[in-house]
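Read through the structures below before going on.
There are two complexes below, and they share chain A, which is joined by chain B in the first and by chain C in the second.
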Partner chain A sequence: MNKIKTYIDNANVSRFRFWVQLVTFILFVYGGYWGISISQNLPIFACPYDHATGGTCYLISLQHQLHITWANLFSWRGVAILTSFGTFLIFFLVLNKAWCGFVCPVGTLQDWITKLRKSLGIRFSRYEDSTFKYLKVIKYIFLLWLLIVPLAIANSFFGLPQMSHDWFPPFCTICPTRVIMPLFTGDVSQLIIDFSSTPSLIMTTLGVLAAGLFLTGSFVKKRFFCLFCPMSALQYLFSKIAFLRLNKDGNKCTKCGNCYRVCDVGIKEIADDITSKNIVKDDCMLCLKCVEACPEDRCLEVTFLKFPIISATEEGFFKRYGTDNKELKDE
Partner chain B sequence: MRRLPVIYGKQHQANIIQWIRSGKLPENSKYADQYDLFNPELFVFDPNGNRVNGKLVNNDLGFVVTFPGSEDGFYSIYLVEKFVNNDTLNIRVAKTERMNHSCRNGHDKALVRVQPKIYPKQIPIEIIRKRVTGENLHTVMHPGNDVTFQVLIKEAPCKNGNVQMSTHKGWVKSQTTNNKGEVSFQFVQDDNTNIKELRQRITFNYLIHFKKTIKQNGNFNDKHYNFITYISTFSDNYRPSQMLYSSFVWALFVIIGSVLTLTAGIYIYRKRRRVEYKEIALNE
Partner chain C sequence: MNKNKNTDRYERMKKTSSVHMAMEIKKTLKETIEDFPNNPEGMDYFYKLVSIFTEEKKINTNGKKVIATTCVQVPTELILAADAHPFRMCSGAYSTDQIGSEYLPAKTCPLVKSTLGMMHLDFYQVDKKPLAVINPTTCDQKRKLGEISRDLVDVPHYPLELPPTKDTEEARIYWQKVVKRFTKYIEQITGNKITRQKLKNSIRKVSRAQQEYRKFYTLRKGKPVIWGKDSILITNTYFYDDIERWTLSMKKLNKELERKVKNKEYITNARSPRILLTGSPSIFPNLKIPLLIESLGGVIVAEEFCSTSRMLYDTVAVDEWFMYDMVPALADRYLKPCTCPNFTPNKDRERRLLEMIKDFSIDGVIYQTFAGCQLYDMESRNISKLFEKNGTQMLLIETDYSPEDHGQISTRLEAFIESLKTRTHI
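Right, the complex of A and B next:
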């Protein structure tokens, strides 16, 4: 048992992650060609606008389900909404935010764009702390937007007129994934500005602009879009009760900063916070790069229902990085 | 229901209408043959309103209508069936219009030449596509267009009649005629129009279907009837929206523009923030 644990602790998680990402990318972009449909309530951006997707993002199901009158919401139809939510939650609780780090095809795409940038020798950008603090709020605004607008289309709020159906689905129409993912199957039908009404014009223009922003942003900033992802916001609300966890032993931390340096999202607390035991933060995607880069034995540890899966070890660190120094350099 | 859908092409100077088909919806209507028809009578009128000698022909293309003609404008083609079934006289009319135009013949009086004509003596029930503003010899319907149809029974507008529109891609909508016997539809965008169809300028069918039963006694071919059921279909074609082309082009402009602008912005920002290396020698 110890041998297996040592093998895992010393393993190259990034390489393992690359292959998992490749397989899941094929599954969630082309899986439909083989008749695969895993679920309509997945905690990842498996985009249904890609006609060959092997599953569907929960957010589009949620938006469709919330396009409902108050009377129906509090009837038996409400049970269907809860069932969908329950399915999403079961999926999510198993892997926690590792869905983002290992499975999400949009995250994978960003990682590949990052690899392209690295191979071209172009340096990456990092947000300043103050900017990071403000930007991370945006995903919660998106989450509120996609929860409220479908209800405001189906109902009148405070006697105000109902919103036009042309705003629907309120997040998917402005989501860059809708434009980009179908392109992988040769479908350009979402790369379009819809002139049929003012809301459609606004929303589809924003969607195409967001796609441009996604491509450029991901090129200079690692996991650029994840900071604005409402799925990440929804996930974080339940992250504390998930089975898979990233724990930190503050007593063993030397604050070397390796974990922060390798963090694609740029979470500073991973290095600074020595009091929290569960260190899965708001924007963490459980890619486990920090565990790989931590040279202190069991300072960072991933557990599933308290059962240790992989731990940071000095031996594993030196094996992976092949360096004499415990402190990693910036990319 | 009989359909006379889109024009197939020309052969030996005869205009050939595509296969005659049976069914209420374009997507699942079957091809008809001569055994399906009840004493069919074919009427073909040239753009001047003169009857032309048309034929129902079973050839290697299928069961088709052929007729000679080279006049510029709309040829109106009708397939009429009349028969008594139980105590009901069924009058079934399948109509289509075929635009015949060569730009070599010029475009004089195009607005007049595209106007619809009716033939009440021969055709008891008419579905007329009202011409759109500024319609000319090249006008093609596209999704997003408003299109109005008028139903006339023996020249009189038929009010409160049910008219159904169905498109090649399966979009179906029903409406009731107003006092003028008119109904209006807006073509919806076919969601599954793909870029290949746009590039190839593929033409799709749509079908207008009308049915009404009225109480009226009479005799037809020595058979007595108490009701008359009018069934009429009008088939025509449309192309994917022209707006789609511009929508794609605009989207390409926006995405390429945003990528270039952001890239330039990031490059300039980084360049301005770059601090030149200067060696400072301290004189101690």
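Right, the complex of A and C next:
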């Protein structure tokens, strides 16, 4: 048992993650070709605009379900919303934010774009701390937008006129995933700008712009889009009760900042917060690079229902960062 | 260029000081080696390394250019990457302390005086004069050292602007920029370009050294297999030794110590009071306090000094192995985890000490401050309050490099160690 634990603690998690991401990418982008449809309530951006997707993003289901009149919402139809949400929650609770770091095809795509940039030797950019604080709020605004607009299309709020159905689905139409993911199956139809009505024009234009921004943004900034992802916002509301956790023992932390340095999403608390035990923040994707970079024994630890899965160890750190120096001869 | 140097007096000073220094080193080495039985064989390398100074020999730098540093915050990886030999100049010699006293106010810390004296007399531990002295702007005295040394030392002085606080993002970014500029400076004075591959290699080299040091550090958490005075001497040799040679010697020593742990060959009574030494750094040949502690029956199992654990413990992690990420990563490593009392606030040092007390099962802390070392002295107030709350015994000792206070300190240390012994029931 101890041997297995040491093996895992010394493992190259990033390499393992790369392969998991590759497999899940194929599964959720091309899975439909083999008749795979895992669920319609997945906590990842598996986009149904890609006709071959192997599952569906929960946000699109949610938007459709919320396109409902008040009367229906509180009838038996409302139960469907709950069961759908329950399914989403069960999926989410198992892996917590690791859905983002290991499974989400949009996240994977951004990691690949980062790899491309790295291979060209081009430097990345980081947000300034103060900018970061403002930007991270945007995802919650998107979440509110996608919850309220479907209701406002189906109902009248405070006697205001109902919104046009052309705003629907309010997030998907502006989501870069809708435009980009179908391209992987050769479908370019989502690149169009729809001039049929003003809302359609606005939304499809924003969508195409977002796609362009996605590609350029993730080229210069690691996991550029994740900072704005409303799925990430929704997930974080339930992250505290998830089974998979990232814990930190602040007493063991020397604040060396290794974890913050390697963090793709730039979470400063991972290095500076020495009081919280649960260190999963809203932008965290549980990619576990911080655990790989931490040289203090059990300072950072991933647990599943309190059972330790992988811990930061000195040995593991040096395995990954120190010892493959070919210039140093042994005795 | 140096008015002070071409005089008979300077030559006489140099001659007598070099005799005094050799005597001082000989005496300390004798006490270090002979007064303690069964020193590990692996220590021979380190003893031999410092013993060459008694014969007026120097560390061989293999024809490399040499760059001197005066504090722990200089990213030595950058110097190594420019194919130069970094060496830390902080001196522990009383003989050069007396020289430095001539040029500095009376209440200056002995480390600063000694270092200035050493530079003035060209007593470098390496076989070549350094191209420059890199001086991080840490405490006030180190900061002014560079200006005072202008007329006394014919080596250019480069102030490396360390921020006075480290917790804010502004400080971090500022320091990253300082280090970036420093990279250019090193390239300029050595005439060697720091390439991506070279820097990567030098980071790995330091990392290997750290790995061995940390193994050694962890070994001391158990029952004592090595004396603290040896540990301090080992880390002192890291100041000037060739890093790869040092790492290999460390590896050998660790293997021997691991064997000793296995065979339960402890260096002294396994229940001797376990001491944590902290405060102003003990630097060879100023091993006065550590030698006293250990000859009185205590055993130093850990030191929280900028000449020991603070220098070698914390590591670098780089995400993308390009210059644009390696240089800031190095900057972070030399700023963020540093527990130097020149930072305010310095809560990290308190946390670190508490963690060490737990990890090393410490019985008592001995806090050394040098007369004139204001920062450590001031910080001792908060630390002692903290220990009071925590129930840890602490003895504060003010000392300097002169042998005069030997008797008085010996009495105080003896009483302290005896009181710890009654607690540990020997």
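Heads up, the rule we're going with is that the second predicted complex is superposed on the first by the 322 of 331 C-alpha atoms of A that agree within 3 Å, B and C clash if a C-alpha of one lies under 4 Å from a C-alpha of the other, contacts with A are read in each partner's own complex, and residues count from 1 in each chain.
What we mean here is this: a contact is a pair of C-beta atoms (placed from the backbone, for glycine too) under 8 Å apart; a residue touches a chain by one contact, two chains touch by 3 or more.
Just so we're clear, the structure is a prediction, and the values are computed from it rather than from any experiment.
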For this session: Look at A:308 in the shared chain and tell me whether it touches chain B only, chain C only, both, or neither; answer first, second, both or neither.
Result: neither
For this session: Could you say whether A:48 touches chain B, chain C, both of them, or neither, answering first, second, both or neither?
Result: neither
Problem set entry | Comparing the two partners chain B and chain C, which touches a greater set of residues in chain A | C
For this session: Using the touch definition from the top, say if A:216 reaches chain B (first), chain C (second), both or neither.
Result: first
Exercise. Who does A:199 touch here: chain B (first), chain C (second), both, or neither?
Worked result: neither
Exercise. So, does A:254 touch the first partner chain B, the second partner chain C, both, or neither?
Worked result: second
For this session: Enumerate the residues of chain A that count as touching chain B in its complex and touching chain C in the other.
Result: none
Problem set entry | Contacting residues of chain A [partner chain C, same complex] | 118, 121, 123-124, 128-129, 251-252, 254-262, 268, 271-272, 274, 289, 293, 295, 314, 317-318, 321-325, 327-328, 331
Exercise. Can you list the chain C residues touching chain A in their complex?
Worked result: 167, 169, 201, 204-205, 207-208, 210-211, 214, 218, 244, 247-248, 251-252, 313-320, 322, 324-325, 328-329, 332-333, 336-337, 348, 351-352, 354-355
Seminar exercise, completed: Touching chain B in the complex, chain A uses residues 125, 179, 187-189, 191-196, 204-205, 208-209, 211-213, 215-217, 220
Problem set entry | Complex interface listing, chain B residues touching chain A | 144, 189, 193-195, 243-244, 246-248, 250-252, 254-259, 262-263, 266
